[in-house]
Each structure stands twice: as structure tokens, then as C-alpha cells.
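The two complexes that follow have subunit A in common; it is paired with subunit B in the first and with subunit C in the second.
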Partner chain A sequence: MKNLVIAGTKTTPSVMFDAETGKLEISGQSYPESALEFYQPIMDWLNEYFKLRQQASLSFRLQYFNTSSSKCILNILRVFEKAYSEGKKVEVNWYHNEADEQMQETGEEFAEHLTLPFKVISYK
Partner chain B sequence: MQERSKARDIEEIFKAELEISKHTEAVLANEDISKEQLFEEYQRLADEYRHLLRQAMKITRIGDSTQEKLLRTQEELSAANEKLERQAKTDGLTGLYNRRYLDKTLESIFDDARRHNKALAVAISDIDFFKKINDRFSHQVGDEVLKAVAKIFQSSVRAKDIVARYGGEEFVCVFPETTLDEARALAEQVRHNVEHYNWREIHPELKVTLSIGLCADINYPNHEKMLSAADEKLYEAKHNGRNQVRC
Partner chain C sequence: MSPPHFDIHDIFDFYQRISNARVLMTFKGAFSQELLVQIGELVKLQQGNNSKVQKMFAVFVEMAQNILHYSAEKEICSDGKEVGVGMIIIRENEKSFAITSANAIEKEKAEEIERYCSQLIAMTPEELKAFHQKKRLEEPPKGSKGAGLGLIEMIRKSDEKAEFLITQLDERRSFFILNIIIHKSL
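So, the complex of A and B:
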């Protein structure tokens, strides 16, 4: 299975999914013109990935995202939740800047909503 | 605490929807309910679900466009801030740094040179007979001369050198990590380029020269004293026939 690598832009996050190590990272800003168009390939890749693999560690390092993107992020997290319920070894790390309380709260909201190992981690 | 009340506020907004789910629970708890009644209840819930979904989509769209607007405003604000910052340190006519910025920058470069024993040279220059240029030709010609001299300065010195319009027809140039000999060569280049510029482009009878005073001695108590020393050399250049570099 190929890695999924998407370079970030001003309005879209950078995506680095390593199929070998199971380390997946989404970082940057997300307010794409069409959230669906941007996130669909990511969803497709993840669905394919979990057919083959048993473990994954997903990290978010986002500075900003819009409402449409938050729906897409929830869809991604749902895929992880499903994998977890099937007994796969998954974890989600939600990184936020120490000063960015809003991003911390958003992470906590997501964590509250989902049944899977979900850590909210602050960085400087 | 605030977090809790925010969550409660949101629940309040969805009060009607929460009532419906409570009602449904009551209906389902009733064991005597008929198939027809259940079907009706199902229909009602499906309608409500569709309605909520449409609402969620609308809210998402509104959220996106509001955030878009916020981002645009932020971008405009930071562009305006950048412009203001630029204006605050720039001379409007020539586009060079202004006196305020120069003073501040020279102070820190001077202190750094003193602390780390680095070379530093400062030049102060004055357009010769500038008042006569203004009187004889016009203030417009005077302004053109100032702009041209500014351009000559910028194209004659190095990227790391700092050129500022210091007063009416006075320019100051800071040469960081530069010895007196190197600075003298640069200043001489500026003087030469001013003298040989095609001033006829501005006015057929126009001639412009520049006098420059230089100081590369950092053993003064502060940057102001160092600049004064360069100014004394400028005075010497003026009294020694102008169109020359003195140090």
C-alpha cells in the first residue's frame, strides 16, 4: 500500500500517512473551498488501510479549521472509532499550541464524543 | 464553570428537538402501543431527522462563510498593520528609512559593535547648494533630485548598509562591520555616482554634487556622538570646497 502525502497550502492541511509505520499526521490549516473534495481521498485511503492493517496512530496538529472541515474530521475519527471497536490498536493525538485554548477545547469536545484512546496534548 | 454553562446554553437552543426524543422514549415505553401508532411515530421521527439534517447543513454553511469573513478581515488587518509599520519607518518622498528609524537602528548597531568589538562606519552627507537648486529651478526639481540621490545611494552601497533620509537634503548611511577604508571607498563611489549622474534628464542646466563626512571610530560614548563626529567631517568637506569625502 502506498503512502498518502499531500502538501499543505494556505487553505488545506498537509497530510502524511505512512502505510508502513501506521503513523498518520494531519497538520496546518483547513478551510478548503470544498471540504469533501479535499477529505474524500483521505477517507478512501483510511478505509483501504484498515482492511489491511491492525494498528494506527493519528496525530492532528491543526491551527485552524472551518465548520465543514470539522465535519470531515469527525468522519475520519469515526473510521478510527470503528477500527477500535473491531479490536484494532488505534490512538489519536490531538496537538494544540499551549496558547490556543480554543483548539484544546475542540480536541476535548471530540474526545468526549468518541470511544477510542484520544489524547489532547499541548505544545509550546 | 463557564464551560458547563456554555454546554447548557447549547442544550437550551435544541430544547424542541430534545423534547421530541423524550416524547419518543415515552411512546416506546408504552407496551400497549399499536403498530399503526408506531408507524406514525416512525414517520414523525424520520421527518424530524430530515429537518435536522437540513438545518445542520445550513448551519455548517453559515459557519463556513462566517469563518471565511473572519479570516479575510484578519488578513486585511495584518496587511494594514504591515503597511503602517513600513510607513512608520520610511521617508515618504524617497522611500528610504526615516530619521527615527535610523536613530533607533544606529543605536543598536553601535552598541553591538562596542560590545563585540566589531568595525562600524557612519557617513552623513548633504547635497551641495540644495537651496539654490530649489530656488533656481523649482521645488519639483528639488524633489526629483532628492529621489535620484536616494536611488544612487541604494544602488551604490551594499545590501547590509542602511541608508536614511536624515533631514531636508541630508542622508545618513550606516556601514555595519566595515572599516574606515572600505567605507571611504563606498562613500567615494556614491559621491562619484552623484556627480556623474545624468542630471540633464531632470533639467538641462542641473548639476548636483554631494559632500560626505565619515566616522569609523566606535570609541565614542554613544551613537549620537559618533554621528556628530561624522557631521564635523561633513562640515570640513563643505568648507574645503564641497563634492568630496572627508574622514
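So, the complex of A and C:
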């Protein structure tokens, strides 16, 4: 299985999914004209990945995303939640700037609905 | 050649009016994605980048993308894409910023938007949070090009009760104005 690497732009995050190590990272900003369109290949890759693999560690390092991206992020998290409920070893790390309370709260709000290991981590 | 009913004296009045209203930034026209990105950058450049400006930026993006996708006044851009026309205006006073969007909507949507806004504005922050969580889990509403969460998010971000106004524009369209307040102090 190929890695998924998408370079970031001003309005779309950088995506670095390593199929070998299971280390997946989404970082940057996300407010494309059509979030559904941008996130579809990511959803496809993840669905394929969990057919083949048993573990994954996903990190979010986002500075800003709009509401339609937030819906897509939730969809990604639901793929992970499903993998977790099937007994796979998954975890999510939600990184936010120490000063960015909004991003911290947003992470916590996502976590409220999930049972998988979800850490909200601040950085300087 | 000047457009009708708007001559050089009107420009003077216009300048005075936007000065008195303490307008920081305004744009009226077709909100393409490329353009809204640039204006968003401009707002950050003008106001600096602190948590309040970040909040204002988030509201700006939701307003601009709502206009882009849902305005009932359309324009064809240079690249051939059809985008919505509207206006966003950012004002300030000593204590707060006001960010306001204004655009045409389809007349048939007016009643539904009116009901939805009234319902959201009447909610407490806790109710808004719960409603947002619930809506995010649901399938997007019919006709939505995003998540149908923009209005909830904007109203949640308002530090005072958000205000809106819907009025008749012409035979087939209404006009929708939404005002969000962001306090300058923490």
C-alpha cells in the first residue's frame, strides 16, 4: 500500500500518512471551497488502510479549520472509532498551541463522542 | 463617466459615513474562494494575529463561504465559475468588533432561515454546544454544500446575542443580514 502525502496550502492541510509505520499526520489550516472533495481521497485511503492493517496513530496539528472541514474531521475520527471497536490498536493525538484555547476545546468536543484513546496535547 | 445617482459628492458622503461607522474593512462583490482567502489574510494583516482576530477570521470565512455558495445573486468569475455576491463589513467601537454579512437569498428560503436563526439565537451557550454536536453527527441538510454548521458556529462565537434581519429584495428574492459581535477584551 502506498503512502498518502499531500502538500499543504493556505487553505488545505498537509497530509502525511505512512502505510508502513502507521503514523498519520494532518497539519496546517483547512478551509477549502469544498471540504468534502478535499477529504474524500483521505477517507478512501483510510478505509483501504484498515482493511490491511491493525494499528495506527493519527496526529492532528491544526491552526484553523472551517465548519465543513470539521464535519470531515469527524468522519475521519469515526473511521478510527470503528477500527477501535473492531479491536484494532489505534490512537488519536490532538495537538494545539498552548495559547489556543479554542483549538483545545474543539479537540475536547471531538473526544466527548469517542471511546478510542484520544489525547489533547498542548505545545509551546 | 459616473454611474447614475452617484457622483463625486456622494463619494464624500460615503467616506464620511464609513468613517463615522468606524468601518475597518468592507467588501461588496463576488466572493470567490481565492478572493475570500486574500481578504481573510488582509484582515489578519490589518488587525494582527491574536485570539480575537482568529475568532473574527473564523466568522469571516463562514460568512464569505456562505455568500460564495448560497447567495441568490450570482456572478460568473474570470475563470468561468459561478460564485455568490454579497457584502461583509467589519466595524469596531471601544469594546468590540462587529462583523456583518449581507446578501440576497431565495425568497422560498427566507422563512426557514428566519426560523432557524431565531431558534439558534434563543439558545444558551450550553444548548448551542449540544445542538452543534448533534448536527455534526447528522448527514448534511439537503442543498448544503458544506456541513450546514456555519450559522451555528457563527452564533456560538458571538460574544453578545447575534442579530439578523430578513427583508424583501425583489419579486423572487429576500435579503439576509447577520451581525456577530466579538469583544476585544478577554
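One rule holds in what follows: the second predicted complex is superposed on the first by the 124 of 124 C-alpha atoms of A that agree within 3 Å, B and C clash if a C-alpha of one lies under 4 Å from a C-alpha of the other, contacts with A are read in each partner's own complex, and residues count from 1 in each chain.
Just so it is clear, a contact is a pair of C-beta atoms (placed from the backbone, for glycine too) under 8 Å apart; a residue touches a chain by one contact, two chains touch by 3 or more.
Keep in mind it's a predicted model, so treat the numbers as computed, not measured.
Colleague: Once both complexes are superposed via subunit A, do subunit B and subunit C end up clashing or fitting?
Modeller: clash
Colleague: Does the superposition put A:N66 against subunit B (first), subunit C (second), both, or neither?
Modeller: both
Colleague: Report for A:H113: first if it touches subunit B alone, second if subunit C alone, otherwise both or neither.
Modeller: After superposing on A, A:H113 lies in contact with subunit C but is clear of subunit B.
Colleague: Give the label of whichever partner, subunit B or subunit C, reaches more residues of subunit A.
Modeller: Of subunit B and subunit C, the partner in contact with more residues of subunit A is C.
Colleague: Of the partners subunit B and subunit C, which touch A:A99 in the superposed model: first, second, both, neither?
Modeller: second
Colleague: In the overlaid three-chain picture, which partner chain does A:Y31 touch, first (subunit B) or second (subunit C), both, or neither?
Modeller: In the superposed model, A:Y31 contacts both subunit B and subunit C.
Colleague: Once both complexes are aligned on A, which of 4-12, 22-30 or 58-66 in subunit C overlaps with subunit B?
Modeller: Stretch clashing with the third chain: 58-66.
Colleague: Indicate the residue numbers of subunit A shared between its subunit B interface and its subunit C interface, in ascending order.
Modeller: 31, 64, 66-68, 71
Colleague: Please give the residue numbers of subunit C that touch subunit A in the complex, ascending.
Modeller: Contact set of subunit C toward subunit A: 33, 37, 41, 51, 54-55, 57-58, 61-62, 65, 68, 129, 133, 136-137, 140, 145-147, 149-150, 152-153.
Colleague: Provide the residue numbers of subunit A that touch subunit B in the complex, in ascending order.
Modeller: So the residues of subunit A touching subunit B come out as 31, 64, 66-68, 71, 105.
Colleague: Can you check the complex and tell me which residues of subunit A touch subunit C?
Modeller: Those in contact with subunit C are residues 10-11, 31-36, 64, 66-68, 70-71, 74, 99-102, 109, 112-113.
Colleague: In the complex, go through subunit B and note every residue touching subunit A.
Modeller: Per the stated touch rule, the residues are 3, 59-60, 63-64, 67-68, 71.
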